[in-house]
């Protein structure tokens, strides 16, 4: 009799546990993000935050059934996320390096990669006196730069600073504050916590307190190009392909130009 | 298993140890004082003090960091005062120490206070009747008998400081060689494609440091018991 | 020493009130649990503040609610020996011992540590940790620590309560010796009549938070006889035991007693119940009892069916408990000559 009672008790418990597990799984599945048809996941460099929102809204007017969900961060961070399996259909990087990294990791379909915008680098700050040349940066006490390890704006800035031979000195003197993306560098400059920050011209246009103290000569760094690519899942997503095409079209080009970017697409019609 | 550590990482390790040591030692006098007051005195507003001390424990560290930033920033109350004397807190090592101190202080006070409250009050009564004034009994009775708790509190605070990220990155920023402690360095590596090996190396170092701190703490607690 | 006290204190439902003046050296505070003895101790030591009143010790005002004077314990020079010793666990014997002495101003250090250490036999224990002391050693250390703080008055808060008999009588000689040797006035608080009788001369009797009576220890003991209870115990100091056949002969004052138990060389304390002292009008011819003591009645006391007869035996006092009927039958009055008969086995050795 005892032998019969014990298994019965255990199976009752096991049943309840299985039931609980199943409901949790179900809940998880229901709540888990999944790309449904008509949904596009976009991972885009932080410097394109505002322009992306307007691009998405413009696309949404022409394609009402589609939802585009953007994710903003530094290009390096985004590349890492996608390589680790984060869901994304399109990836826009602020430099070629991270795109190449993802292509190598087979995260991006190589044939889809196109540069669709360009930018330029400036140095902004709240300071009253503008700077004459890039070398004069050494006279400042603290400046913000996107971490060159993961932020393209920082890489371009570092490249330029190395070109004029002051980067090592600045690093040695501990004058560089590492920002996690170009927007954070801008905030530091806006708040006046640093004497200035290296940001894109497009960011400087959004700044309220900080003004451009210096434009970094374009020959000191690689051309700031924004490559755009479809991921493996994006290539299978019709809505993603539609958005991909839209981004390279004339409507998008006009919006990009309005925000200060240099679109690679058909030149903006003369006003 | 090769540990790959760049010079910047060594800097981060040294900085972490510096910040943790400084914040623990600098907070100790205040920690002892506050713990004593909470354990042995009664006064109106005591609950308020208790709440204030415990606040950083329940707030998200980034909130603590942001509040500190408001306080010490260019336009904050203390920030403006300090700039009079040419002293800056944000984006400096001082800022990192302050962030760690504020976040770890409740842990320090809590541990010490529990130790102090556990002291049999008869010992204090006996000391009084033998002629010891209040500061005398603190030094000869309360501190020795709460020694274990003090060590435990310092250990907790030190370990917490080694791992402090949220408040540090907001108040002190990520400046290699100045404020980039181990957690900040690891964070940067996790954002860097290809940075996993470095991140892992630093993680191992972090684990190793924490283990060492734990062992030292256990050893000193045991030595108290022997006495 | 002169202690003047007039205080009142209310704690929850318990209200305490006492007013008395004490002169002398060996006072007892006696009463059942909850009678306020501990409250009084804490008030005198400064560990508890009365609601109102005055306390003066040797002319120094320790507390005065009207003048807003309230000396903290560390300034009162009133020592306390606690019931559970409360030796500092993180200090060894030597450091515990000297704790109070180091905090006594040089000018007031009347007592030397060496003398206390010798008197309390603590020499071989000085470097030991207090957690490795026996019960008796702990209380000796506690006493030494308090005495070495050179107090004007020592309060002993039930220091022997909870110890077994053997341990008690091990410690009592130390207590009496040290306190007499260094001439320190003390208040001995206890609910044990035996301890009070051994330690003190005069007693304050407390009950329910009030001072009920002031009397000598002896009177307190006699009250106990009348009240019933365990009956009166004669406490006899005997000395110089010599073999007497297979028994022992002791000197008791100017008299001699025969006992079954052997004793020690010095002072021995024996207990003899009053009920075990039988009185004869005339010297009995043959009796199994070995002690036949001619004596004179010096006092009669008691009520109800219990009477105590205080007998004078060659200068020493002995109390016998008998019934009123016997008093009448033997026609006992002050001055009557009788013979006290006691068996050799009736004595119990305390120490």
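Observations
Letters are used for the chains, namely A, B and C, taken in the order the chains are written, and counting of residues starts over at 1 for each.
To be clear about the criterion, contacts are C-beta pairs under 8 Å (C-beta built on N, C-alpha and C of every residue); 3 or more make two chains touch, one makes a residue touch a chain.
On a predicted model such as this, the values are computed, not experimentally measured, just so you know.
Looking at the partners of chain A and chain B together, they share no chain. Chain centres computed from CA atoms place C at the largest separation from chain A.
The chain closest to the protein's centre is B, with centres computed as averages of CA atoms.
In whole angstrom, the spacing between the mean C-alpha positions of chain A and chain B is 35.
As a whole-number value, the distance joining the C-alpha centres of chain A and chain C reads 90 Å. The geometric centre of chain B is 56 Å away from that of chain C, both derived from CA atoms. For chain C, the set of residues that touch two or more other chains is empty. Residues of chain C touching chain B in their complex: 45-47, 72-74, 76-80, 82, 84, 86, 88-90, 99-100, 103-104, 145-146, 149. Partner chain B is touched in their complex by these residues of chain A: 73-74, 76-77, 79-80, 83, 98, 101, 142, 147, 149-150, 171, 174, 176-180, 188, 191-194. Those residues of chain B that touch chain C in the shared complex are 120, 122-123, 125-133, 136, 140-141, 144-145, 227.
The touching residues of chain B, when paired with chain A in their complex, are 73-74, 90-91, 173-178, 180, 188-195.
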